[in-house]
Amino acid sequence: MQTKEVHYSDYLRLDQILNAQVMESELQGAPAHDEMLFIIIHQAYELWFKQILFEIDSIAEIMGREIINDNSPELQTVVHRLGRIDTILKVAVHQIDILETMTPMDFLDFRDFLRPASGFQSWQFKITEAKLGLRFPERFGQEYYISQLRPEHITLIKSVEGKPSLLDLVNEWLERMPFFEQPEYWTGYEPLFPASGNKHPFWSDYSAIYASSLVEGETANRQPFENLFFGEESPTERRLSAKACRAALFIMLYRGYPLLQAPFRLLNNLLEIDEQLSTWRFRHVNMVTRMIGMRTGTGGSSGRGYLQGALDKHYIFREVAALSSYLIERRRLPRLSKELEERLGF
Amino acid sequence: MQTKEVHYSDYLRLDQILNAQVMESELQGAPAHDEMLFIIIHQAYELWFKQILFEIDSIAEIMGREIINDNSPELQTVVHRLGRIDTILKVAVHQIDILETMTPMDFLDFRDFLRPASGFQSWQFKITEAKLGLRFPERFGQEYYISQLRPEHITLIKSVEGKPSLLDLVNEWLERMPFFEQPEYWTGYEPLFPASGNKHPFWSDYSAIYASSLVEGETANRQPFENLFFGEESPTERRLSAKACRAALFIMLYRGYPLLQAPFRLLNNLLEIDEQLSTWRFRHVNMVTRMIGMRTGTGGSSGRGYLQGALDKHYIFREVAALSSYLIERRRLPRLSKELEERLGF
Amino acid sequence: MQTKEVHYSDYLRLDQILNAQVMESELQGAPAHDEMLFIIIHQAYELWFKQILFEIDSIAEIMGREIINDNSPELQTVVHRLGRIDTILKVAVHQIDILETMTPMDFLDFRDFLRPASGFQSWQFKITEAKLGLRFPERFGQEYYISQLRPEHITLIKSVEGKPSLLDLVNEWLERMPFFEQPEYWTGYEPLFPASGNKHPFWSDYSAIYASSLVEGETANRQPFENLFFGEESPTERRLSAKACRAALFIMLYRGYPLLQAPFRLLNNLLEIDEQLSTWRFRHVNMVTRMIGMRTGTGGSSGRGYLQGALDKHYIFREVAALSSYLIERRRLPRLSKELEERLGF
Amino acid sequence: MQTKEVHYSDYLRLDQILNAQVMESELQGAPAHDEMLFIIIHQAYELWFKQILFEIDSIAEIMGREIINDNSPELQTVVHRLGRIDTILKVAVHQIDILETMTPMDFLDFRDFLRPASGFQSWQFKITEAKLGLRFPERFGQEYYISQLRPEHITLIKSVEGKPSLLDLVNEWLERMPFFEQPEYWTGYEPLFPASGNKHPFWSDYSAIYASSLVEGETANRQPFENLFFGEESPTERRLSAKACRAALFIMLYRGYPLLQAPFRLLNNLLEIDEQLSTWRFRHVNMVTRMIGMRTGTGGSSGRGYLQGALDKHYIFREVAALSSYLIERRRLPRLSKELEERLGF
């Protein structure tokens, strides 16, 4: 098929890759053995961030289409690639084990040579967060952010923040879920409770069943439930609209139907990604604490302070995760009409 | 050697082990498939907790001896068994992956049958925390604690809390480190700075070097350093005395000498255990959030609230971890006398 | 819902579970610390084997139905539970790390007390293999097998071997795949090559494309391809019929269509399970080699010999794995008719 | 300390690292999404191989010194860095999970573009094997080896093979172990058995105890024991001399003494490395089998054939592992003299 022969070393640009390790401690005349590990592990992380961004872009391209054809592999490709990101993040978490073979004293041997560089300056990681859906106002330590990054990287990240994120695309995709707006799927539906307000009969029923499922200590959940799923105006800081929340909950409740399998796995994979990202931050905080304790980071940060702040604030898909508060037992689920059941099957 | 033949099934009491799974959902006439997983994973955890307790007891027995013979394998046994606990905890963390194959809807199928049982009632886990060094006043959610556990379990835990914990034993062992009190090891020591106060010449030097190593934003560390390592009266909530802190720091600084290798690994393994315990709690919080969101736990707790509180408060060896704030670069270390160097070697 | 209150300790039968560790070395008056670990890790394994058997039974129950309703969650439940078995096996593999904290010398301290017990006597593991599809004639070390197990366990395993295994059920399920027998799906199909023999036009095409895709050194694959997929008589040792092979290959090739997603994941999960089982055996061989070298096992086996033999022979789904030899590039795939495309979509 | 400020991106040469991914499928006009993953994972592997080589070189430098000072951190540094290699290899094994998210069909999309490149051409991996101790005659598939690698890489590997490997250095280091040649350590030793041949009294005793410890089916071990540990002429293919074997066995038997702790951990880490390397090869074989089945690899190899062959033959430290066949129970160990006990302590 091709004319020239491919060789492993050329194909992988090993000359470029394997000559990119320059130890500052050596340049400064005080070679510190462990700096090589420090460089290589960060380079390995950046390679994986590149891969993650590559996958997110391909996912966003599909999710941004006006119609995702159910008869095509598109949605399954999205699910598969989200799963791949999850797998990569699991290895990224595990990789911290390697950095932990460097003791605090070993790090001190070259730490001062690196100032003011800092892992905070990884623009690929910031872009990853932004592409998934983290917005500037939600970031912890915004001023620090501005002070640390190069102008061109800030511009880059801002431009990403200006475009629809994966979370935005998921919200729109959920809003497009058609069933509740097409009366033909509800002709055979038998309401269990009288309609309340202008809710769809299904949601009137669900609302009543949910309320009755709350045990002592949970009754305060009722009002948030009504607000989230039926509020007229979503608070501006919300990322999922009431309509999207209803669609997501419906998917979780009726995931047994073939048509809802891929959507369910898609939502689940988003939560997996958030979980791995947060585990990565968590282990990172622990590691930095062990490494430098209460000293300042090489970038001048309060060290673990930033990481801890980000850990608490940067859950990107928390609104999806929060929906599990509003599930009910399978045996109490309203029974769908035959028309809708058929639509949800093959 | 023995007269009777041993058989695998009898040896492992498999009749007992494999007949201990009784599903509440089945007893209540509504069998829920995933309850079996729920039972078995908790039983597997309890088996591992038993093993961890078995190791802690054997470690505490050695650490509690008045003299730990350097010519015996005792200290190495301690290090090895702490390492084993760490390995077990890593598998325990990984095991959460299995529970995550249970979705929120699957859990709802049998959740109500379990009230008011709760993982909080695992007395083995509470005793593990207590034996390692967590004391009642440091526990998050003390009232909840009292309300949930059976009187006999509270009594059991209290009785453990009344005995020296591993942390106490480590403190005493560190305090017994002899070098600074034996003048013969310091005859050849050449101080770098004039003595300050009634500090040992080594610590006068160290104190001065440490102060000079602080970069902008870190100078506030100086006073805590003086308090921790040379404070006359330790605040009552401190677990490590000033003397023990000095010993631990000395071990970290001079771990290159053979005699300090096992002590260094011992301290390091304590931090590993704390890290795995906290990672376990962290993943646990995440899992519970995904599983029940803001609903109350089966035990009536605020669900993730307790776990999050414990996550922040229950670092048992945090005072050991904090010592890394007070290290200096290897090349600035005071040079020990020949006498001491010999003592630290073979 | 229930009248009595459930307590964690009772619910989990902790009295039974935590009192099932009796150390032979203690009974014999020479307590060996590490025997506790040895007992507990085997009990943990047996708990997980019980869970795996529970999942296999539930899967086999569904796969054994004459019709698996595409409009029900049945097939997805099978996929999900196979995925769970895979997750459990991954933890089981990781768990070997814990046993490896026991050194050969530590094992020698109690090894002789255990004769002639042996891990080989785990009837749950043997049944797991049998339920998945391993048949007696395919087992390595059959005589050893007979000599080691108790008559009642042999009877139990034989009775399992007499029933359809998961592999048999998968074969039958694949054979039931309807598309090639229903001419209405092929009216619009445009053959690329003249029909050969009595092959379906699709397979005539595929056969020709496959043959042309073979590069130097691969041409010997052609005859096996013809035999496997179109052989009149399957050799008796084959587990998948030609018809089932065609169905499986079709699923792999066209997995992009929604209807084939769950079947594809099902096949993939079988391979994952085989891979984890073999990794478990592999690490097991390595561990035993390190532990006892060339000495005989407690059960009198040649130690690593049996495990190595089983490792090579006991791949249960190898015929499924082997199908990947017969795939072609996506861009060379025959284009399906509109009718079939619709059938494969929603 | 330094004059210029360091920035994360420059420090890590991210321009170089992140611009080294050129997809052949894109160059050939048929972009295949999964090729990016294929490139990046191989680059990540090569980064880690560079790190492993860096560690091996630093270890070999220390092990090659004529005297390894027991009063210095040298041996502990060796142990620590071998441990790091082990940790890296564990992540390398885990990383295969990522490649397994690529299905056989996804690979086919770009596989033909890569011919005749092949992972076999990773000269860093070949050098890693050679530096650890694999010699050319022990390699599986030597002709294939010559045909695949570039002349400059063959020269490079040959030159490494010409130097002492880590295994050679370990052999020499073991041979230097002094105790048996210094009569002062044996004055107080009380032989249990009459001396046999010209064996040292300790080994006469050990030999007799070992012989008496063999149970039925193990008696054939006796002759190999005598040959390995006391053979006059080692067969040329042996890597450890009889003297080195005796030293290694002594370390394993008496590892409880402080002086033997680091040596024991050193030997143990070698076995860990071999185990991880073999696990990596094993999962690699499995993955290739699933990916291309019986088709030939892109480099024209028989695909899984080479990997399987290497898996069986390339255990580098197998002679160390085999020593566990010759251990006896701790309670039967000859009691050392006071003089030697003191020498082995601090």
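Chains here go by letter, A, B, C and D, matching the order in which they are written, and residues are numbered from 1 within each.
The rule is simple: a residue touches a chain if its C-beta (ideal position, glycine included) is under 8 Å from a C-beta of that chain, and two chains touch if they have at least 3 such contacts.
From a predicted model like this one, the values you see are computed outputs, not experimental measurements.
Enquirer: Please identify each chain that touches subunit A as well as subunit B.
Expert: A chain counts here if it touches both subunit A and subunit B, which gives C, D.
Enquirer: Using the stated contact rule, I'd like to know whether B-D or C-D comes out ahead in C-beta pair count.
Expert: C-D is joined by more C-beta pairs in contact.
Enquirer: Using Cα averages as centroids, what's the distance between subunit B and subunit C in whole Å?
Expert: Subunit B and subunit C have C-alpha centres separated by 39 Å.
Enquirer: If you average the CA atoms of subunit C and of subunit D, how far apart do the two points sit, in angstrom?
Expert: From the centre of subunit C to the centre of subunit D is 32 Å.
Enquirer: So which bits of subunit B are touching at least two other chains?
Expert: As it turns out, subunit B has residues touching two or more other chains at 112, 115, 255.
Enquirer: Spell out the part of subunit C that touches subunit B in their complex, as residue ranges.
Expert: Subunit C reaches subunit B through residues 1-2, 5-9, 11-14, 16-22, 24, 28, 33, 36-37, 39-40, 42-44, 46-48, 50-51, 54, 58, 80, 83-84, 87-88, 90-91, 94-95, 97-98, 101, 112-124, 150, 153.
Enquirer: If you look only at subunit B, which of its residues touch subunit D in the complex?
Expert: The touching residues are 70-73, 76, 255-259, 261-262, 341-346.
Enquirer: Going by the contact rule set out above, which residues of subunit D touch subunit C in the complex?
Expert: Touch residues, subunit D against subunit C: 30, 103-105, 108-109, 112, 115, 215-218, 221, 224, 252-253, 255, 268, 271, 275, 278-279, 282-283, 286, 289-296, 300, 302, 321-331.
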